[in-house]
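A short worksheet on the structure shown next.
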Amino acid sequence: MLTQLQEEKVFKDPVHHSIYVQDMTIWKLINTPEFQRLRRIRQLGTSYLTFHGAEHSRFSHSLGVYEITRKIISQFERNGFTDWPQEEKLLSLCAALLHDVGHGPFSHSLEQIFHTDHEQWTCDIILGQTEVNRVLRDVDPQFPDKVASVICKKYEKPIVVSLVSSQMDADRMDYLLRDAYFTGVNYGTFDLDRILRVLRPYKGKIVVKESGMHAVEDYLMSRYQMYWQVYFHPVTRSSEIVLRQILRRASELHKEGYEFGFMLPPIRGLLEGSISLRHYLKLDEAMLQTAFGQWQEEKDELLSDLCGRFLNRQLYKYVQLEQQDSSWLDEIKQEWRQIGLNPDYHMEVDTPMDSPYDVYKPGTLPDGKEKPPILLLDDQEQLTEISVKSDIIQSIAGLQRGKYYIYYPEENVLPHAHKLSSDTRKKLSI
Amino acid sequence: MLTQLQEEKVFKDPVHHSIYVQDMTIWKLINTPEFQRLRRIRQLGTSYLTFHGAEHSRFSHSLGVYEITRKIISQFERNGFTDWPQEEKLLSLCAALLHDVGHGPFSHSLEQIFHTDHEQWTCDIILGQTEVNRVLRDVDPQFPDKVASVICKKYEKPIVVSLVSSQMDADRMDYLLRDAYFTGVNYGTFDLDRILRVLRPYKGKIVVKESGMHAVEDYLMSRYQMYWQVYFHPVTRSSEIVLRQILRRASELHKEGYEFGFMLPPIRGLLEGSISLRHYLKLDEAMLQTAFGQWQEEKDELLSDLCGRFLNRQLYKYVQLEQQDSSWLDEIKQEWRQIGLNPDYHMEVDTPMDSPYDVYKPGTLPDGKEKPPILLLDDQEQLTEISVKSDIIQSIAGLQRGKYYIYYPEENVLPHAHKLSSDTRKKLSI
Amino acid sequence: MLTQLQEEKVFKDPVHHSIYVQDMTIWKLINTPEFQRLRRIRQLGTSYLTFHGAEHSRFSHSLGVYEITRKIISQFERNGFTDWPQEEKLLSLCAALLHDVGHGPFSHSLEQIFHTDHEQWTCDIILGQTEVNRVLRDVDPQFPDKVASVICKKYEKPIVVSLVSSQMDADRMDYLLRDAYFTGVNYGTFDLDRILRVLRPYKGKIVVKESGMHAVEDYLMSRYQMYWQVYFHPVTRSSEIVLRQILRRASELHKEGYEFGFMLPPIRGLLEGSISLRHYLKLDEAMLQTAFGQWQEEKDELLSDLCGRFLNRQLYKYVQLEQQDSSWLDEIKQEWRQIGLNPDYHMEVDTPMDSPYDVYKPGTLPDGKEKPPILLLDDQEQLTEISVKSDIIQSIAGLQRGKYYIYYPEENVLPHAHKLSSDTRKKLSI
Amino acid sequence: MLTQLQEEKVFKDPVHHSIYVQDMTIWKLINTPEFQRLRRIRQLGTSYLTFHGAEHSRFSHSLGVYEITRKIISQFERNGFTDWPQEEKLLSLCAALLHDVGHGPFSHSLEQIFHTDHEQWTCDIILGQTEVNRVLRDVDPQFPDKVASVICKKYEKPIVVSLVSSQMDADRMDYLLRDAYFTGVNYGTFDLDRILRVLRPYKGKIVVKESGMHAVEDYLMSRYQMYWQVYFHPVTRSSEIVLRQILRRASELHKEGYEFGFMLPPIRGLLEGSISLRHYLKLDEAMLQTAFGQWQEEKDELLSDLCGRFLNRQLYKYVQLEQQDSSWLDEIKQEWRQIGLNPDYHMEVDTPMDSPYDVYKPGTLPDGKEKPPILLLDDQEQLTEISVKSDIIQSIAGLQRGKYYIYYPEENVLPHAHKLSSDTRKKLSI
C-alpha cells in the first residue's frame, strides 16, 4: 500500500530538526491546496498578540504530528513488536497529518460564536470533493473512510486512534514542544527522545515502560506549565474576547439587515450559519484580518472600534477578582450603562469554568469524552495506571484551579471613573 | 529626555530571551498602530514557502534590533567609555526600533515592480501625520527629524548611524540570529554576547577590540551561509518570481482597463503608482493574500493561474544552467510560443547579477552606498581594517559567485515536451 | 572596600556563558592554591561512573555560585531596592565563591566513613594559615571571620546568608543547571533569568514576586527530577558503596597494623582520624585514585578486589526489594557466609532513610537545620508561603518516597547460586 | 559475527543525547579495564586550565566516535547503498571505539618528551595480553589484527579506514562538537545531522553529495575556529610548556641519579624510556598529578617550583613577538643568566612551526601522511575535489598563520626588571 518515494524528502523543521517523507501518498497530501491552506492559519490563534514569536502555522504543527507518529511507528518496527499492526502504518501517518485539516481561522473563537466544529470539517474535507479525498482514494476507495474514522476515534483498532488521540499522543507532544519553541518560554521542553523510546504497543494499547515514568512526569509538568503560562494567559484571553465580540457584533448586524461596506461570500456564509465547504476552504486568517481592516471604517461604531482594537492591539484591560460576585456584576452592568457603555460588549467575566483543564485525570468520564489513562508496563508485564506509582502525578491528577478575571475597555471607562461606585473603583483598582 | 517607566516592561523573545523596555517613549512607539502593523508583515517575505517555520514578523525583528542596540549602549555606559555621546541614547533606540517601519508586504518584490522605497516610507511615517510622529514630537519638536536623519544615514554623528547601519550593525545581527532560529537552520548562530563585549566607541566610530577578531570572522561566515542557504534559496526565488508575475500581470491588466472582480483602494493605489500614506498603512500581507484568493476566480487565466500557484505553492520548477547562453534563451522563447506559453510570464532567468552579494568588502564604493569597514582596535590604540589581520576575511572579502537558474511552469511544459528541441530538453533534463 | 580590576576578567563557562570578575579580591581568591585545588575534586563524586559526562569540578561550580550571586546583587542594585544592604556585596560574593572550598575528594563518602565535615574544613581554610585567609585579611582583619560566619549561617544579616543558603539559593540554582548540563539529562533546566528577575530583597529576606510563582514551581520540579534521575541513581549508589567499602577496609586494616605496600601521609592522616589542614589540602581525587591503583596489588584480597572494582567499574549489582524484610536479611547474611562471602562487605542494603529528601518543605525543623521557606510577595506587599498559593507545590511539599535496594557482587554469587535458598534466588531474580 | 544484545544499552551523552550499544562485543569492550582507564585521561589534556569546563575524558570521546560511526553505517544500510561492504560493520565499530585506547595522560606532551607513540600503544593493547584482545579474539582469532590494521590505516578496504581516519571522519566530528560543548565556546557547532545525511559510500570511498557542500564548509570553518580559539590558546600552550618542563626536569634528574622522594614503577619506566604495557596501563593523569603533588616537596628547587606552578595554575606569562628575532633571543638568554634564571627552563619560544595546521588541504603529501581529500558527488555521478567548487574552501585551503610567543615566569623576572636591557623590557612590555 505504501509507495516509496525514490529519494526521501526532507523538511527543515526548527523543532524536530528534520521531517522525513518517504511515502508518495504523504507527499501528495502535503501538496494539496487544502493542506497548504493550513499555512494561512496560525497554530495558536491570537496568542501572537501576547508572545510575538507565536506566528507559527497549523501547517508546521501538522507536519510535526506526522513526524512524531512516524518515529513512534519506526521504533515499533525496529524492535519488531508483534502487538503493533504493521499494515496500519500508512493509515496512521495519514490520520496524523490530516487530523487538523478542518481547522479554520481563530478556530476556537469561531466555533464558540458560530457553532462550527473543526472535527466535522476535517471529515468533510477528507470525504468531500477535494484534492485530499482524491489522493486518499488513489490508495483505496475505502481509505478516506478509514482515515476519517481514525480522526473521529471510531476506528476499530484503538491502538491506531491512540497514536493521534490520547493523554500522550503525537498531537500533544508536538504542540507542547512547538508552542514552547515559538513563544520562547522554556517550560514546554520535555525529553521527547526518551518518551519515544519507552513507548510500547501492548495488547491493543500504547503503554509506557515503567523505567520511563519520570519522563512522563516531566511531560505532564510541561503541560501544566504551558497551560498556565501560555494557553490561559490573560492577555491572550483578552484578545480572544475582542475577537469574539467582533464576530458577535458582525453577526448581530447581519441579522438586523445591516449593509456592510465590505463583505465576501465566505464571511457572509459564516454570518448566516450556512457556509459551504468551498467557501470554508477560502476562509483564512488573512481574509478575516482584511475584513477587520475594512470594517474599521464601518459606520457602526461598536464594530469599527472593536476591529481597530484587535488590529492595533488595544485590548481590554483585565483585573483579577477574588471570587465570582454576582451581585456586584449586576451592579457594574448598571453602572456601565450609566456611563454610556454597553455591558453586552464592554465587559466580560472569564471564569474558571471557561477554562476547564486537568493536567491529567485517570479514568473515563460518563460522556466517554475522556482520553484513556497512561499505563505503565513493568518487568512482569503488569499494567498499572501511572498515578498509582507516581506520587507527583497522583498529587496533580484532577487538580484544577481557575481564576476569575473581568475584562473591559479601560480607555472608555477612565474618563468616567468619578461616576463609578467606590466598590467598583476599588475592585478595578481605579 | 528619557522618561523612565515605573517598572520595566519585558517582552518574551525566543532569540534574545527577554527584551527590556525601560523608557516611556519606546513603550508608546511600540503601541502605535503603525508599529503594530509590522505584525502583519513577515520578516522573510515568501521564505515561509521554503522553510515552513519562517513565519516571523518584522515586528519581532524590530524589537530585536532595538534590544541589541540597547545592549550595546548599556555596555558603553557601564564601562564609562567617553567616546560614546550619552545624550544620544534615546535617539539611537528610537531609530533602531523604527528603522523598518516603512516596510510593506513582500517588500522586495513590491519595490521591484512598483518602484516604491521602504526607506522613503519609513521617513514618511516618522515625519507624516501618524501616531509615531506624535509620540516622537512629544519628546521634542525636532525629534522626528533627527530620527529620520539617523535612518537615512545623514545624522551629524556617524557613530549613531553606524549602530543601526554598518557592516556589523544591530539590524544584521538580529536578522541573522532570528532568521536562523525560525527557519531552523543552524548556520546563523554566532556568539552575540562576545561580539557585544568587544565593541568600543572610538573617535566617532564603533570599532572592535582586536581580541574579538575571531568572533567577527564567525559572524561573517554566518552571513555567508545564511545568504546561500536561506536568502538565495532557489525555491524562495521561485516563489518571488511567481509573486512578481502576479503583481506585474495585475498592473498590466489595470493599465489595459481590465475590470477586476475584487479590488480594494490600497491595491488600486499601488497599481496606479499613486498610493497615499493612509492607504499604504492599510496594505499588509493579509490584504494581498486575500486579493490573490479572490483573483483565483478572475476571468484572466494568467492572473488566475498565478494566484493559485502562489497560494497552493505550485511554484515554477528551476534548473541550474552552466552559464548564460543568450542564443539558447532566444530560441527557447520561440519554442515556448510554439507550445502556447507566454515567454514574458512562463519563464524567467535568475542571474548572479540579480543577487549581488559580498560577504564583506572593505573600502567605500563610488556611489558612497558602501557601508564603512570593520576596524580592529589593538592594545596600542591603532586601528586596522579587519581583512589586513584576518586571513579568513581577506580570503572571502569581495568573493562573489552566482548561479544561473531558469524557472518555468513544469506542468505546462511537460505535455508538449516532444515538441521541444533536443538541446532544450537536455538543458531542462526533460 | 571593593577594588575594581582595571578591566573585568571573563571566564568562559558552558552554563552561564560568561563569568565576570570585576573585583581584585575575587580575582586573587580564585588564584589561591586552596581554590585551584577544587579543580581536582569532581562536583558529583562518583556520578561519572553512571553519567560519563559528569566530570565537572567543584572549581567550576564555585565560580557558578559566585556568578549567580553577582547577578542577583546586580539586579538589586540596578533597581535601587533599599532593602538590600549595599555594603555587603563583597562579603556576599566571597562567601558564595568560597562556600565549598573545604570539600575533599568524594566528600560525602569520606564524611560518612571518617566523620570529617566539609563545612568545618571550609572555616579552617578561611581562618587558618592559608593564601585564602591572607587575601581576605587584606580587605580587613575581621573579614575572614565575617566570611566564615556567613558560610556557617551565623552572620547577623540573614539576607546575606540566604543568598548562599536557602531553599532557592545561588548554590542550588547553579548545581541543578550545571549537573544537568554535564550529565546531559534535560530535567534540570529551569528559567534562571526569569527567577533572577523576580527575586526581591524585602525586610531582611529574599522573597519572590508573586508573578514568578510558576517559575519557582518549575525550579522545584527540576530539583525533584534531578534527585531521582541523577543524584539517587542506583548505579551511583553502587559506586559509592564500593568506594566506602574501600575506605572502610583500609581503615580497618590500618587499625589492625596492616603494612600497606603504598601509603602517603595525607591518607595515613585520614585513616588515623587526625589529618592536618596542610595534609587535607593535599588530599584530592587524584591521590585517592592513585592509592586505589596501587592497592589493587595489596595482598589483602578484599581491599585489592574492591579497588579493582572501583577503577574498572565492576560495581555491585542492585535489586529492588518490595520492602525491608529483616528476617530475610538475617538469613541472607548466613547464606553469604556459607558460600564464602563476607556479609560485612559483600552486601549492603540502601534504605529510604539513607536518602532523606524533600522537594520542598515549608517551616523549620526542631534541629533548626531546615532552610527558610520560599515567600511570595504580592502587589499589596503581603508575604505568603508559596505552597499556600501553588497547588503543585502544596501537592509535592513533604512528599517522600524511597526505594529499598540490595547491592552485592554478582560475579562472586552466581557460581554458588545453587546453594542459595529459593527465597533468596527469587528475590535476587537469579 | 554480530551478536545482538537482548535489549540495546543506552548511554546518556550530552553531545549525542544517547549512545546506543546493540552488539555484545561492543558492550564487552567498553567494560574492559583498558577501556575504562580512558575515564582517567582527559580528552583535552591541560586545556581545563584555560577552559574550566574541559574536564571531559577520552572515554566519552571514544563512545562518541563509536556512535557517529554507527550512525553513518546505519544510514548506509537504511538506504541500501551497495558500495558499502556490510560485512565490515562490526570491524568498523570496534576500530572506532578503540582508536584512542592507547592514549596516555597528557599524551601530546608525553610523546614530545619521551618519544612514545599512542598509536603504537593502541596496537599493543589490541594485540597484547589484555582484556580487549581477549574480547576481540572471541569474535575471530584474526579479528584483533584486523582492528589494528584499520587503526594503523593499513586495512585492505580504504572505505573502512576512512570512517575513522580522513579529512571528515567520525573522530574529528566528535571531538569538535564535544570540545565545543565542554569548553562552552560555540564555534565548534556544525550541523552533524545534515553531514551524516549527505555522506555516501562510492567506489571504495566515502564522498559527499554535492548538495551538502555548504554543510562541509561550515564544518571546516568550525575546525578553523576551534584550532585558533581553543586548541592553540596561548594559556593552554603555557600550561603544556610547564608540564613538559616538569617531565624534562624529572627525566634529567633521573639520568643524573637523583633520588626522588616519591617514585612509582610506571613513572620510573617512563623516565627510563622502557615502560612495559602493564605499567603503561597503570599510568594515568591521577598518577602524574599525585607525583607532581609530592614533588612539590622535592629538594630540587626547579622541579618543585614547576610542579607547584602546574598544580596551582601559576603558569608562564606570554608575550606575542612580531617575528622571530634570533639575535635578541640569544641576548635574552644571556640576560636571563645574569638575573639568575635558567634559560633552558625559564623561557620558551613557541613558533608557528610548532603548530603546523591546515584547515584543509587537498592532495597527498610525499610522506603519504596526508589524509585523502573531501570529494563531492554530483547528480551525474562525477567526483570533484571540494575546493574546486567551493570558493570559501579554496580560499582557506592551505592557509597557515602562526604567531610567535615567548613564555617565561613573570614573577621571577619582575624583581630584576631594572637589570634587563631596554630592548628586552620593551619587547616584554615590562
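Just so it is clear, A, B, C and D label the chains in written order, and each chain counts residues from 1 on its own.
Methods note: a contact is a pair of C-beta atoms (placed from the backbone, for glycine too) under 8 Å apart; a residue touches a chain by one contact, two chains touch by 3 or more.
As the structure is a computational prediction, the values presented were derived from the model and not from experiment.
Engineer: Among the chains, which one keeps its Cα centre farthest from the Cα centre of chain D?
Structural biologist: Chain centre farthest from chain D's centre: A.
Engineer: For the Cα fit of chain A against chain C, please give the angle of the superposing rotation, nearest 5 degrees.
Structural biologist: With C-alpha atoms aligned, the rotation comes to 180 degrees.
Engineer: Can we say the copies chain C and chain D touch using the same residue numbers, with more than half in common, or are the two sides different?
Structural biologist: Comparing the two copies, chain C and chain D contact each other through largely the same residue numbers, since over half are shared.
Engineer: Measure off the straight-line distance from the CA centroid of chain A to the CA centroid of chain C, and report it in whole Å.
Structural biologist: 44
Engineer: From the mean C-alpha coordinate of chain A to that of chain D, what's the distance rounded to whole Å?
Structural biologist: 51
Engineer: Measuring centre to centre with CA averages, how many angstrom lie between chain C and chain D?
Structural biologist: Taking the average C-alpha coordinate of chain C and of chain D, the gap between them is 32 Å.
Engineer: Could you list which residues of chain B touch at least two other chains?
Structural biologist: Residues 17, 185 of chain B touch two or more partner chains.
Engineer: Considering only the defined contacts, which chain D positions touch chain A in the complex?
Structural biologist: Listed in rising order, the residues are 10, 17-18, 193, 197.
Engineer: Where on chain D is chain B touching in the complex?
Structural biologist: It is residues 185-187, 189-191, 214, 217-218, 221, 224-225, 228-229, 391-392, 395-396, 399, 401 of chain D that touch chain B.
Engineer: Provide the residue numbers of chain A that touch chain B in the complex, in ascending order.
Structural biologist: Going through chain A, the ones touching chain B are 11-15, 17, 31-33, 36-37, 39-40, 42, 48-49, 51-53, 55-57, 59-60, 63, 181-185, 264, 282, 284-287, 289-290, 293-294, 308, 311-314.
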